[in-house]
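Next, two complexes with chain A in common: one pairs it with chain B, the other with chain C.
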Partner chain A sequence: MQFNSFIFFLFFIVATIVYYFVSSNKRNLALLISNYLFYSYFDYRFSFLLLSLTSLTYFIGKSIRKSESYESKKKIITLGITVNILILGVFKYLNFFSESFVWLLNQFGLYLDPLTIKIIQPLGISFYIFQSLTWLFDNYYEKLDEDYNLIEFLTFSSFFPTVIAGPIERAHRLMPQIKSNRIFNKENLKAGIYLIVYGLFRKIFIGDTIGRMINHIFAEPEYFTSFEIFSAILLYAIQIYNDFAGYSNIAKGVAKVLGFDIMLNFRQPYLANSVTDFWRRWHISFSSWLRDYIFYPLQLKFRYYGRWGNLIAIILTFLICGLWHGASLNFVLWGFLHGIYLSAAFLFGNNSSPLSNKDVSNTNLKLLSVIKTFILVTVAWILFRVENFDTLKTLLFQLSIFSTGEFVERFLKITLSYYLISFILDYIEMRFQTENILLKLKPAVALGISIVVTILIFSYLLTSDKAPFIYARF
Partner chain B sequence: MISERLKQVILKELKLDSFNFEENTTADQVPGWDSLSHLNVILAVEKEFNIRFKPYELLKLKNIGELQKLIDEKLSK
Partner chain C sequence: MPDFSNRLKTLLILLLTIINSIVFFEIYFRLTEIILPSFVYDDIEIGRTHKPNALVNLVGAEGFYMGKINKYGYPGKEYPPQKDEKVFRIALIGDSYVEGFQLFERHHFARLIENEINNNSQRKIEILNFGTGGADFRGMYLRHTKLALNFNPDLTLYFLKREDLLKKDAIPVPEPILTKDSIFFQPIKLNNTASKLRETFAFVREYSVGNLFKEVFETIYTGRLPQVVFEKLFFLVSDNSQMVSEKISENEDRFYNYNLKIIKQLAKLNEAGYKILLIEVEKLPEDYISLIKSNNIEILPLYSELQNYSKYELNYWKASGKLGHWNQKAHKIISKYLSEILINYNF
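On to the complex of A and B.
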């Protein structure tokens, strides 16, 4: 049940009516049932994994809370993290590590067959495990003021607006909201629906339409000219952003209708003036998770190694960042490249190196910094997008021959149009300091726009194949 | 109450002329105190007060007021 499907719209309407219809003390239970109905729709077997793993995590978190000594807290959290990461490892990374290990042995002349098991990756596993882990961390670092029961935790860890692809919420942010009494509010309904409509617009009319054009270019680059491949790379940066930011808007909107405020996931990332700044604006719920639970502990652990301490922490964090996206070398390399960018920014932070993250006040320099950052990020997206090294080689070869072909003008117009739409939306968000830009317009105008966009979305969904959200496969 | 000594260490490390530190001020509210400069601030505080923090103690902190409390506890031992 993807967010861009009629079955989801129907489910959401029914779930919302039931949610507000039951008495307030049953609301969490109603939400929990909706969460599991939503999740089971994909594959009911995975619900058992979700239920058993998160229940176990709940009790481990409770034990951390009850422990009085630092040593026993540390032992229990280590157990909790190990269990969760082992489960994630088995479902997501077993084949990758087995194949990589055998490849490594082969280099030393030892020939073995890799142990490959047919394992289907449960949907959203990387997201819900990372979200559940915040329950352990928040108990460990004593960030939770109140005690929470099992129903509240299970509602948190399977929260249907975010379970498939985030935003990855924190226990100390979302659980107090789950505990609080939520009543129907017209303003929330309006704000939520506007965000959903806006998110669907970004996803369907920018992300998906670009995807239709460029997917076959990335699949078979040998049939395309340098200019077409160059356009596809530029367009992919816009596609992945609008697909994921659109998804995040829908998730936030759905949660808003139910009375929840979910954390911001994107803040005009392509207006960042350094790669460091980009990571403060891109997939914020995940980048701040990595910062708080991986980078800071590593940085503090290695703090007496001088600059090397920070560099080790940066590289390790970004390797994990890459690996989290998928069990494949291209994601690891993508993460590593970002680690290199940030290490360089750290080393050359106070000079005029192109990788510096120094804030600039001059408007022209600022624009140059934004363009420089965009180029660095887009180059890294190539690694993220290609599925194997043969394709990457072909793609780079085709790019290097500088062929143009007969569609130059057409591709140029298409690329510029998408950039214009995406950047205008970002500019408006920046000016209004919100991603819910429809709320900032005159009510009649906002209503008119959302009705027209909704009609367009429905017509599109009725007549076209629905493209899945890119991040839903992670 | 944030001590003048702690304020001065932070200001010096972040190259700031002045900043109004309150008990509930968090690192992200202070200009220049980002994830990379965080390490230098911590090292400078350790050096100034001649104390050593455990990562766990630092990761628990919610604001500058709690950092001050932690320093006071370490100094009183």
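On to the complex of A and C.
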């Protein structure tokens, strides 16, 4: 069930009541059952994979914890990572690698049929595997002070607010909260509901409504003018941000109601003044995961190559980042392009190059840096959004003919309105230093806004097809 | 007392916030065109009718339409009632397939035909689109006689499907009354609950927020609410396809008499010089075909032409992967087919 569905809200209300109704020592079990009910609603068969893989990961983690020698710890963690990545590879990447390999052979005149197997990708597999891997890493790096039982770990790895699309939590952050005694708290309930309402607004009244329009433009760009395509590209940047940030707010809100604090996933990414800064603000749970568990080890490995070692580490990290999003060349190229942006920033350092990381204090220059960063990121989003290279070719061709069409004013009005609302929300978040901006308002004002937003969102959901969360397919 | 005044103050702030929030959303919906005020209204003589000068932005699984109802009350390119004598004017009558609110007007077959003939022949034509979503044969006839004829068309194209021969709308439409030789339509009666409610709350559709609430009301009123709320778990829904097909055959007999009279009225218009061509979007029942032919009205089997292109998936919408109305390819094929016929038509 999706967060933007009535069935989810019914489930959430019942699950929360049961969760607080049972005695505190049964609370994790109640949560675990809710997690699996939630996950099985999509397809019950995937629950078996989730259960078996995470159970295995739990025992591997326990073995790491028990091992005394560094060598055996290293062997066990390698085994744990290999098992998880293999499973991820089979379910997500087998066809991609098989087809890519055959394509490569074809370039050398060797013709083979690719081995393609009809595999359905289990929902949220990239998220829960990456989250489970932190259990292995945190045991390996001895970041976990306490011992955890199987139920606690299974609750962590299938935690329903985050299992579909994150935020990717760390074992050392979430597991102590799972172990702790959580009691019903009115403040948590209020904060959680406000975050959910805010997230739904971002998701439904910004992300979804943009998506409904531009999906048609990206699907068949040949029927649209350059201006309409240009607007769609600009709007996609706003769509993907609000879709995912909205999702993250809802996830945080749901977790808050249950008594958990999960990590921040977005911090006004389009106000970043460099691409490096953008990655400190975008999908933070994932970008920091990559930094901690991929980039730093790679940097360490290539430390003898000096600057080139860093560049290799950056490019490899972003290739993995692209591939994580999907088994498709466009995601790899998107990751590679970001790798290039960051490598250039690293090379140019603090000089005046447009790709530099230079932090400026002058307001005008700062604004220019923000715009420059936004343009670079938006250009990369084109690769992320197109479904294949034929579509990309058509899209670029249509863009190149500079046609305007009869709806310039209307597209301009729509695009500017979405930009305005998205940036105003970001500005308020930045000003108040919180993503839960309703909590910063007078209680009566926050309540009034929440009532209207909730009624309008539910009305909209009743009368239109609900759109899936973009990141839920990764 | 201070406690009471504080509560009153809080209540006032709450009310003001609610009002301000609604105003904010009204503006936001209009600017972003998420929901616009309704572009149709219930005309007591025609039924569902396009509202002059209304903006339209429809996006859904099937496609994306952005446009405007012109000041004369039909969608798209604007032609005044008076026409140049050298111009051959064509009126299109039909339902949502002709209305074409799934694609931009520049891809609609009406515009493609116009461009094709005006650019590649000596002839000058104008095509006015009177298609209306949800219209049945009766609604089409009303739109033709009460609206399209005011624009002096030289030729009227009726696009018909089998289901159009039945009463297919839940919305109020003037009721037909049969006389010995003819058919009349009684203005929409407001004596049932649904009609009264629609009339009483018609003003809410003038607002984006109100239009959204109207959609909610219709979802509840038509009994779709439990299905939307419970999704997969709404397994109590029974297969009612058989019921529907029984209803169709039962209604067919009832409506045959009405349709017979409408065809006779069309034949009279045809004889009076308001030429009419019936276009079969789907194959019509044989008894209708012979009835239409016996009244000297020409029929074009568009469906058989479209069948030749079935490999192009003319109802497939790529963005959603769903089937629905004609897509851009279909409109192109229809325009090619009708352009050839119209170029050779005895103007």
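Heads up, the rule we're going with is that the second predicted complex is superposed on the first by the 474 of 474 C-alpha atoms of A that agree within 3 Å, B and C clash if a C-alpha of one lies under 4 Å from a C-alpha of the other, contacts with A are read in each partner's own complex, and residues count from 1 in each chain.
Here is the rule we use: contacts are C-beta pairs under 8 Å (C-beta built on N, C-alpha and C of every residue); 3 or more make two chains touch, one makes a residue touch a chain.
The structure presented is a predicted model; accordingly, all values stated were derived computationally and were not measured.
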Partners on chain A (chain B, chain C) - clash or fit: fit
After the two structures are overlaid on chain A, angle v-u-w for chain B, chain A, chain C in degrees (C-alpha centres, nearest 10): 160
First (chain B), second (chain C), both or neither touched by A:Lys26: neither
Touched partner set for A:Arg45, first chain B, second chain C, both or neither: neither
First, second, both or neither for A:Lys442, with chain B first and chain C second: second
Partner chain(s) touched by A:Leu300 [first = chain B, second = chain C, both, neither]: first
First (chain B), second (chain C), both or neither touched by A:Arg431: neither
Touched partner set for A:Lys393, first chain B, second chain C, both or neither: neither
Which partner, chain B or chain C, touches more chain A residues: C
Chain B versus chain C as contact partner of A:Glu220, first or second or both or neither: second
Superposed arrangement (fit on chain A Cα atoms) - minimum chain B/chain C Cα distance in Å: 40
Chain A residues contacted in one complex by chain B, in the other by chain C: none
Interface residues, chain A side, partner chain C - complex: 1, 5-7, 10, 41, 205, 209, 212-213, 215-220, 223, 405-407, 410, 413-414, 417-418, 421, 442-445, 447-449, 451-453, 456, 459-465
Residue ranges of chain C in contact with chain A within the complex: 10-11, 13-18, 20-22, 25, 28, 31-35, 55, 57, 59-61, 63-64, 66, 103-104, 106-107, 209, 212-213, 215-216, 219, 225, 228-233, 317-320, 328
Residue ranges of chain A touching chain B (in the complex, touch as defined): 70, 74, 141-143, 276, 291, 295-297, 299-301, 303, 309-310, 346, 349
For the chain B and chain A complex, residues of the former touching the latter: 34-36, 38-39, 42-43, 53, 55-56, 58-60, 62
